[in-house]
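Each structure below appears as structure tokens.
Next, two complexes with subunit A in common: one pairs it with subunit B, the other with subunit C.
== the complex of A and B ==
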């Protein structure tokens, strides 16, 4: 197990693609300290910014575990493109956490910046704090969103969570901002609390489940039925009843938007249309 | 400054040199007979190939549509960026690289001259600003004139000489190099939401036809004695069955050719060589086009080869780009340039497993292999429409090696593979033919006297590739060939070594070539013309011309016209 401790409060953004179990694997502490990392426009070695400590575990697990303790909210791209192993972070993390990751797990006990799990293909990201905008969304301009894996957020999420999503699960146990599931094609987004609005804009497929208050449903969605419960993933169902809306009709598609009946009495007028 | 390149295998097709071992000497940016060996900087090129610097006849690298493409595609730059070094500036790629990166990447491949093929005259200033910022290369740009209202009006009335005067004025005013025609008539029709579907369709309001526009401008080209022919992007581009339109376009100027001189250049021919009635039955029409071109001397082509990658398509052909957006569902930009032309941009991904894309890939190569005379067909990808120019070495490998083609053939859509003509073609091009298709032929077609060859007096633009033609069999070692062409051992621009083994050693400015066309009776800028400007354009006449001090390194060629 490798422990990393930031040596100072970072002033400049740090691009740390090297903090990745795939890269740390089979490397000694000395090798890890020599890894290259960008601070602002300067290239540095990992040891100049982090104290690296290796602790031996009893069973010498096959998979590498990296633990970061401290505030790394200026550090970007931690765990980008990782395929196995584990990263545990005690503290806040910067943008692009687990970008394009294909496997392994990342656990954060703190808040995370934007683009967490951006374009991910597999693996799990678990965040015990709040998360910024573009959770699981592709890079600006791209339409290749999340293609697998799972993101669990116990706090709140920002805008455009799960934009252009194609596969996988995003579970947000707090509130979420606007445009959750923008242009999503497939997959599932579950928001336990409130959703700020415009959920599922331009979606062409997939499932968005809102368990809290949703001020209004976009006019391009049409009510289909009332469902007793909704399946989020294998062995997990949420009890309803839920209004089921289909849309987005501007895209001529039938994505599913479930909204909890109990918390949304102002949507009851839709029932007339059933 | 003197330079001596010793003992290289020289390929200089214009002077008929085919892989002979000789020395090339340069002094003050020109190639000379000999230099003082003790003083000159020597390059040991033994076991290497020496060719003239590469010439690209058609690549969209500057101008408003390229820049809009850059704005449209942040995700394209995200994956491919270059850091600044003490010698070079930073920049981003991939399919629409920033201007500096464009220059560096071409220089690494041994290219020294490039042609930016579509400049709406209204955007001439923007285009020249970007060309000024494209280092390492000499460049020129073609103004789009096929749908300019002045041209349409004069051609409608049959006033060829008057039209020629206006074209001459426009060429000098916008600092252009050749007449570019895109979907003649179709772009004007697109202004009212229509298109033309054959070369005999009427253009709304003007009542003229594509045939008249092409023939008219071909005559104008001849009257003005322009060095290049008309540069035509045909009607119906990118539609199944359009090889007939391409053939019609070539045939319609058959009688205007004088002697063996070409009269028309059909650009990115792969995109207009589709047979079949719809996307499901689409087939390659390369055989028919190659047959015609082999039997006629008035046509030159460039391939417009497709590469299986993610790219950005951009043409002045607004209706075609709209169709592409409908087909792919991708984001798009479409624009009408006032009285002149239109344009459109759509990101696009060519997939190996797609039947249509695989057919397109095959068609490009078939054209290059079936046209027997390499002086008539040139290698391009229509950057970035078929793929980014950085893939040229890969195309060279496909040209030179049947094995390379077969390797890719195995990976493409099986139905496309079974319909491809490539397995029946044994032809493998030699280094000499590659030198023609990538530099000599292109310079010849463009009428660039000082480019594309290594004779005395030519510009000292030279590429040295680290490959020994005597010991390397390109048909088997195609990967070695590809790697050699990816990073030239030396790229020499204007007598200075600018790149070595893929590393940029020096940042040099290239010249902008343009034509100063002199007619006996130049048009007068009357009040009437200024009124038209006020009525038709959003800019006043005074703001329209690109003055010579706008170009950082101006390289005019004076042309004496016949009118």
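== the complex of A and C ==
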């Protein structure tokens, strides 16, 4: 198991694509210390910014675990493109955490910046804090969002969570900003608390479940029915009743938007259309 | 005998370096090296041309020593600027929208050399439009085509009467096109009637001193007859009744921050979908249906959108919806869309950035190659997170218009300003290098809002010792290269 401790409070953005179990695998501590990392516009070695400490573990699975302790909120692209292993972070993390990851697990005990799990294809990201905008969303201009895997956020999420999502599950146990599930094609987004609005804008498929207050439903969604409960994952159902809206009409599509009836009395006027 | 012959010349077809309309029919009268008369221009144009040698000019390079700005030689200022940039980790280079494309090109070379983040003012105006264009695509055309062919003009979240004063007159409703007549006579009558109405109302108020202000008129349940006339029609959609809205054939008032809902509703209606609600963004759906019908029935429609759409809630997604609306309309008729760019060469800055780096703004050279991700590499966000170490500002005043926290970080670190004026940013700077006004004292190229490049003329000489932006940047660049070579030798 490799432990990383930041040596100072970082001032400039740090691009640390090398902090990845795939790269650390089969490397000695000395090799890891020599890995290249960018601080602002200067290239440095990992040892110049982090104290690297290797600890022996009995468990074979824990051999490939990377643990980071400290504030790494300026450090970007941790675990990008990882395919297996585990990263555990005790502290805040910067942008692009687990970008394009294909497998393995990332657990964060702190807050995370934007583009977490951007374009991920597999694996799990668990965040025990808040997360920034564009959770699981693609890079600018791309229409290929999250294509698999699972993201669990126990705090709040920013705007455009799960934009252009194609597959996988995003569960947010706090609040979320605007445009959750923007232009999503498939997959599931569950928001336990409130949602700022415009959920599911331009969606063409998939499922968004809002368990709290939703400011307003876009005019381009039509009410379909009231459902007793909704399935989130295998063996996981949320009890309702939920209003089921279909949309987005502008894309001639039938994506599903479930909104908890109890928390949204302002949507009761839709009932006359049922 | 007491008679001095005045040397007076008239320069025609000058391009105005103020707003994105880039009017190129300005006539200047020059007397003894000074502009004395401006013809054809709007108030902003006149004021810029006439005040090029005002008291707010900086004429000598300045460097901050012991907390005070003192005059130095140009060489010293350039050397100091080069030192700051070469030594900085993660410097930012910002501005570029009010200078020539040629200067921007040198700026990009400099950004690559120093490994900095280079950004133009699009980041605080039409950046969201660019992001959406990359997502959706844009169907656009030149302003000339609009002038000759457009029979339906929509301004959404923009007030051209005040911000682009000659836009309506040169390119849209009031312009005389080959296939479309100018509608100015109708508007003149309308304005006269409205002035008369206001006068009568105010007279009545004065006569009946204690009379309550008149009740606001109830919204009519149908579109005004002007919308069904032959020829050009002008629609303004905005959150408040602006001057442009007053001259429009139809003004649709949208609830603040509800533009996205309205645009999406239009899209659904154009796709013949039924809407469950009776009202969207404060507008009855019946109205929307009629306007959507008008949009479909037009021969050539144009949607101009301004910062009212890009910078209100929803930002880039508002533009997403607007671009998609135009795409949907093109299934039924011919419709185009264009952002109302603010600074005279912001479109040029975007163009030069794109052909040099592949990206239109917010380009990060810190890893040696261009990277682009607005939100991460945009200057406002870099400053808000407090990540930069030094800044070079060219032809812009970010201290006056950036968020306070961003401005605070900007002035905390070494700051170099290249500007003709003693702007707020220049007053806070460590190095100030005066430059010539592009389009008045220096020539160059600028791109109009429809991406048509136009030449900027040099009509008068700059003050002695004052160089154009391009030349100053070249000198800084060569100084930076010298320093970098020296650093390499020392490191070896």
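Basically, the second predicted complex is superposed on the first by the 271 of 274 C-alpha atoms of A that agree within 3 Å, B and C clash if a C-alpha of one lies under 4 Å from a C-alpha of the other, contacts with A are read in each partner's own complex, and residues count from 1 in each chain.
Quick note on the criterion: contacts are C-beta pairs under 8 Å (C-beta built on N, C-alpha and C of every residue); 3 or more make two chains touch, one makes a residue touch a chain.
Keep in mind the model is a prediction, meaning the values are calculated, not measured.
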Clash or fit, subunit B versus subunit C on superposed subunit A: clash
First (subunit B), second (subunit C), both or neither touched by A:39: second
Residue contacts on subunit A - larger count, subunit B or subunit C: C
Contacts of A:140 with subunit B and subunit C, given as first, second, both or neither: both
First (subunit B), second (subunit C), both or neither touched by A:270: second
Region of subunit B that runs into subunit C when the structures are aligned on their shared chain, from 20-28, 326-334 or 362-370: 326-334
Subunit A residues contacted in one complex by subunit B, in the other by subunit C: 139-141, 143
Parts of subunit C lying in touch with subunit A, wherever the complex brings them together: 89-90, 114-116, 131, 134-135, 260-261, 264-265, 267-268, 271, 273-277, 280, 313-314, 317, 320, 324, 328, 365-368, 372-376, 385-387, 389
Subunit B contact footprint on subunit A (complex, rising order): 138-144
Subunit A residues touching subunit C - in the complex, by the definition given at the top: 11-13, 15, 38-42, 74, 76, 95, 114-115, 133-134, 139-141, 143, 178-179, 182, 198, 201-202, 216, 218-223, 248-250, 252, 270, 273
Interfacial residue positions of subunit B with respect to subunit A in the complex: 72-76, 78, 330-331
